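Let me begin by handing over the structure; questions about it come next.
Chain IDs A, B, C, D and E follow the sequence of writing; residue 1 opens each chain.
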Amino acid sequence: MADALLELDSVVAGYGATHVLRNLSLKVFKGERLAVVGRNGVGKTTTLATVMGLTRQHSGAIRLNGQSIDRLPPHMRSQLGIGLVPQTRDIFPSLTVEENLLAGVRNGASIEEAYELFPRLKERRHNGGSKLSGGEQQMLAIARTLMGKPHIILLDEPLEGLAPVICEGLMEVFHALSTQGKTVVLVEQHTRLALDFADRVLILEQGAIVLDASAAELKANRDLLDRHVGVAVK
Amino acid sequence: ETIKVGVIATFSGPNAIWGKQFQEAIQVYVAQHGKEVAGNTVEFVYKDVGGPNPDASKAAAQELLIREGVKYLAGFDFTPNALAVAPLITQAKVPAVIFNSATSAINKQSEFFVRTSFTLWQVTVPAAHWAASNGAKKIVTAVSDYNPGVDAENAFVSAFEEKGGTVVEKIRMPLQTTDFAPFLQRIKSSGADTVFAFLPAGPATFAFTKAYNENGLKQAGINFIGTGETDESTLDALGDQAIGLTTAQHYSAVHDSELNKAFRAKHAEMFPKSTLNPASVGAYDGVHLIYKLIEAAGTDGSEAIEAAKGLSWESPRGPVSIDPASRHVIQNVYIRRVERDGSRLVNREFDVIESVPDLGFSR
Amino acid sequence: MTTGLQVRNVSKNFGGLRVARDITLDLPAGARTALIGPNGAGKTTFANLIIGALEPTSGSIYLDGHDISKLPEATRVGAGIAKTFQITNLFRSLSVRDNVRLPILERERRTASFLRRYDGDSAVEEEVEKTLAEFQLLPLADHLVRNLAYGQQRLVELALTLSLKPRILILDEPAAGVPSSDSHLIIDAIKRLPADLSVLIIEHDMELVFEVANRIIVLVNGTILVEGTPQEISQDPKVRELYLGAGHG
Amino acid sequence: MTVALSIVVDGIAYGMILFMISIGLSVTMGLMRIVNLAHGGFALLGGACAHVLTNSYGIPFIPALLVSVMAVVVLALPLERLVYRHIYRFSELEQVLATIGIVFIMIASVNLFLGSTLLPIRMPPVVSSPVDLGFKVLPLHRIIVILAGLAVVTALYLLVERTRFGIYLRASVDNQATAASLGIDTPKVYLAAFALGAALAAFGGILGAELLPIEAYYPLRYMVLFLIVVAVGGMGSIIGSFVAALSLGILDTAGRYLLPDIGTIFFFLAITAVLALRPNGLLVKSS
Amino acid sequence: MSANSTIAAARPQIRGAATFLPPIILLAGAFVAFWLFPYDLGFMTRILIMMVFVLSFDLILGYAGIATLGHAAMYGCGAYAAGLFAIHVSADPLLGLAIGAAAGALIALVSGLLLMRAHGLSLLMLSIAVTMVLQETASKARGITGGADGLTGISMGPVLGIFEFDFIGKTAFWYAFCVLFVILLVLRVVVASPFGLALRGIKDSPSRMRAIGTPLYRRKVAAYVLGGAIAGIAGALTAQITSLVSIEAFNFALSAEVMVMLVLGGAGRLYGALIGTLVFMTVHHIAAGIDPFNWLFVIGFMVLAVVFFLPEGLISLPKRLMRLD
């Protein structure tokens, strides 16, 4: 197998003194569609945030294209091509929609592309960021990250709060991105969606990976999934 | 025997200048006269109260009286600080020598207060008289709106009118004001030939005198008369624009006398970066008075107060004596004008009103 | 007398933007109504109008026949209307337990009282424990809410709101952020609600909507497009085009 | 009529000084959202430096001004790196405490080296000469301050509202982690903004020293005044601060012309009324 | 879940030994201080009064999260009211305290009706404005208040008709201590009550508080009035013990200092208020005694050190130390 694009090697990380990720190791390959699933609070968000450099990393290594990046501040990781769509959206409230997009623009991206993707945003372009509906904020968060033209896109539950039609549209967008050679990591609560989208699925439990399997394998073997994620499913 | 003297003053914060002036003058006096008085060693204990803070002043006095066993209290820059110790000194029968606070009424609060500085009435009334007899006909007063300012206004107005002058307007300026342009505009259009001003030393005086020049009052021929505005501690900061300002005060650092020259020389030797001002002489004479009282009465407070009454001596500011009725110093009041003397500005005395008592005590 | 909530000709403008246009609907006691619609259709705004966080530009809202359009939010909550927040809004530096305790105390009108301890009433305490257990929050009871994962916070959000025992309950995307494996906790909680309670649920998760709602209102651009049973709505071509997309059928 | 005109002219002249001395705080507190009680400290350091340069070394005013502003920036840079950078993350109360601590140290330093008396800044005499406007005499330096104020407000407005830097700054302040993960070099943005705030503080302190003379306790003495301008202007609004400063200047001046006896009470009651009606600042309608 | 055990809510229920221990320590501390420093009673009494004042601010800022810079308004009103009452009506100290409390509560109510609608910077400025107006009024009403010279002529009768205020300040010390003790006990009850919990809720999320049906404004006004009454008591104590009230009682610096002491000790913790006051005033006193010109350095560095190393205030020091090993 080719060398990993992004690699986490026995990473221990968390908030303050607490450890949320314990010895987490994973590899993401170029052009891959990877889904990360797991129950509430197992550390999915923390994993993505750690890749971005937003948590306290206690030990372990993170490599991008074989280069260690764990000493780099978040903005340099972003400049190396990692893009994160945060779960809490984190729209800048004192910026308008357009300024929110401008804040993410790099490498000559044009905000017209964003408006094409989400016409709704164009209608609300001069609205204050804090005055958007929940779904609009979600669209803006995704569009803003795409403005940075990342090579590897970390999506933390990007479909939450979006109308089903939009979700379908977005999944197509993510697909399209991956066919353009971008790497997509999707954290998703809805296992069905995750399985439909991904090539490979990681299951997280208490800050560690308990299962790493291809989507096809999991689809064929539902009880494997139930055992890990759906323990509480009736 | 060691006799301790407690000095309560402001040594920290924006008003630390008071404590500093006091302390320097005390040290100069001691350097000149030694610490031995009638077989006793005098020791000064300093307490900082950080500004006008009667609570701290009272607690400091308690500590000095009880722990240090001081037999005399001294210092006091702000009126409330002095007033706060009045019940204590009366109870303890310990004399308190006021080096600065200028409100007449303080001495009424306790039999044990003696004052070696000045009162507002004492310097303001001569200022008014001098102005009246030197061509001022119509006057406008501009004072900061707080007790000392109002005191000064009352003193000036009553004395000036007594001499037949007219007060065309009385302006009270908020204490926090730093922009005096509106008031100077009013002074200008009031038709007065002279303005009497009273402001607390520091930023207010600085901004007022600046505004006096910048708004063209000098050019318009409106004379300035004041009291403590050209205090030596801020005079250099005022700069050349202060030149020509006329004030009435009981002491100028360049008062021409042998005693003052010696005082100044010793002070310059010990504190080369510092200047003398009225607070210095208040403290210097205060220490002198305490020495005299120790000579006369030792540590007996009541006896000391009796001894103080009527005492007279030659001070760096000229002849002084303690008025038995008010326990306040009777002294000359000088009319001075700011002049340049080499590299510094000075208050040059050019007229004198002799032996002025506290004219505010009986009001 | 009419019971439940009546909304009559309510409109809301933000400057030139008309977010609610002449909406009229009833939420009778015992109803299980879902409000769906595209993003930015005005659903959250509508919920805020009912709860009193926003004031309508025109129109009125009645609770049991009384006009409540002018009452402040706190008074409406006292009268039995409650809502969860689409983006969790919790007492982040209080423990999970206190987050549940506080609304119960408020509901019992105790929070003006100085003299007894806040944990001194055994009936209240029992209810707190029961609520925590219901949402499987007991193990987290003493954690500060700000240290919980987002999905856990969603559960607290719901537990907190239900503790108010409202008569009209508005749920704004209660399941967002809750994994599909745990959404049964939410569905169960909704199903367990007293039968006479009127629930308005705003949600993009159609499985959940179809499971709990017996009536669905579709809001588009601030107006009601259609209203009907889940069956009718899922068949409606217009709704499919504007909202549901191809995946539902 | 002449009174009204005087009120307006004096008010604007005074208001512009208020603007100059508080604009640095509008940057650090309004835009960067740090409760920066040390604002006056930077003005003090700038002023003290200008005092030493003009008084002790006889350096002319303009070069002294520029050198002092630069000196404050040079001091602000390491201070930001070592201290302020951590303060950003603090809660508001902790920021109050931390910046009070810093301001105490600044005051004590000036006090140690220069004492607690006034620290005048020598200006060429022509600056304080009266200029006759026909209906009114105005000192030249006020005219200079008015021009400087107009220049600063324009430049700052363009910087914050019209440039990428402005967007980056506001984004970083809203959510530092998110801004960083979008590739914005937030530490550098903060550093630049902070240095700008300190430079403006020093600049304003020196230009305003004619009215609010520099002395060791300057930062505490005028703290309320700085805060009022930012509060009335509204957090984060440069134009708001400008309008607020001018309005407050005119208001205060009107009080002194018309109601001198209760000037202070009038001023604070008026501020109370403004803030009660417009709690988020003059230009922001209460929601 | 075990990863989270260390970040569990660190709010143990105040029960058992913990209920009685702190007041006992306080009481013992007072006796020890009284016995060890018999000459510093005046200064220690000032600390006690300040503790009452800072406690009152803790209720408002620490618990309800209402940040003001005008707490001296209530203190000053309490002081003037008690002073005038003593001069013109009765020299009984306890009655005077009641008057001080009433005056503090009244001004808190009147100003609170306006202030509690504001927040953030505008609240800070409004509270400052209220204090400034009061100070200026006191300064101008020279006939009643003595203006800048201060209100003189206060002489207090014996406490409870038995304990005369003495020269050394013993009575004043124990009087102030008893007041502090009672206030502390009252506040302990208040903060552990549903009202206290509601205040913490308000501090945390006002919008959520409204959404659970709390009449926010009324609760805040109530807290402000209660805090104001206690601040008024502190002011009254000063007036009675110093026998003089000056307009400095309304100083901005006082309001700011109270905030510093509270945050230094640990806002939102009653004992934090006490520790902050004790440490700030003692360090100030000692440092100013040693070097009045440069003590500000000491205070400055102390304050910075505390925010940087003990962000929850001095009260978190023991917890910190224990966690080290």
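Rule of thumb we're sticking to: contacts are C-beta pairs under 8 Å (C-beta built on N, C-alpha and C of every residue); 3 or more make two chains touch, one makes a residue touch a chain.
The chain lineup, named per UniProt: A, C = ABC transporter ATP-binding protein; D, E = Branched-chain amino acid ABC transporter permease.
Given the structure is predicted, the values throughout are model-derived calculations rather than measurements.
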**OP:** Please find the path from chain C to chain D through touching chains that uses the fewest steps, and give that number.
**Re:** 2
**OP:** With chain centres defined as mean CA positions, report which chain is farthest from chain E.
**Re:** A
Original post:
When the C-alpha atoms of chain A and chain E are each averaged to a single point, how far apart are the two points in Å?
Top reply: 50
Subject >> Computed distance of Cα centres, chain E from chain C, in Å >> reply: 42
Original post:
What whole-number Å value describes the gap between the mean CA coordinates of chain B and chain C?
Top reply: 73
**OP:** Would you kindly tell me how far, in whole Å, the mean C-alpha position of chain D lies from that of chain A?
**Re:** 43
Subject >> Per-residue multi-chain contacts in chain C, two or more chains >> reply: 147
Subject >> For chain D, residues contacting two or more additional chains >> reply: 111, 220, 264
**OP:** Could you list which residues of chain B touch at least two other chains?
**Re:** 16, 145, 174-175
Original post:
What residues on chain B touch chain E, complex-wise?
Top reply: 11-12, 16, 19-20, 46-48, 50-56, 58-63, 65-67, 79-80, 83-84, 86-88, 91-92, 103, 105, 109, 145-148, 150, 174-175
**OP:** State the interface residues of chain D toward chain B in the complex, per the touch definition above.
**Re:** 6-7, 10, 13-14, 17, 111, 116-120, 122, 125, 128-130, 132, 137, 139, 141, 210-213, 215-217, 220-221, 252-253, 256-257, 260-261, 263-264
Original post:
Contact residues on chain B for chain D in the complex?
Top reply: 13-17, 145, 171-179, 181-183, 185-186, 202-203, 206-207, 210, 213-216, 219, 233-234, 236-241
Subject >> Residues of chain C that touch chain A when the two form their complex >> reply: 14, 36-45, 86-87, 147-152, 155, 173, 176-182, 184-185, 204, 206, 242-248
**OP:** Under the touch definition given earlier, write down the residues of chain D that touch chain A in their complex.
**Re:** 164, 167-168, 170-171, 173-175, 177-187, 236
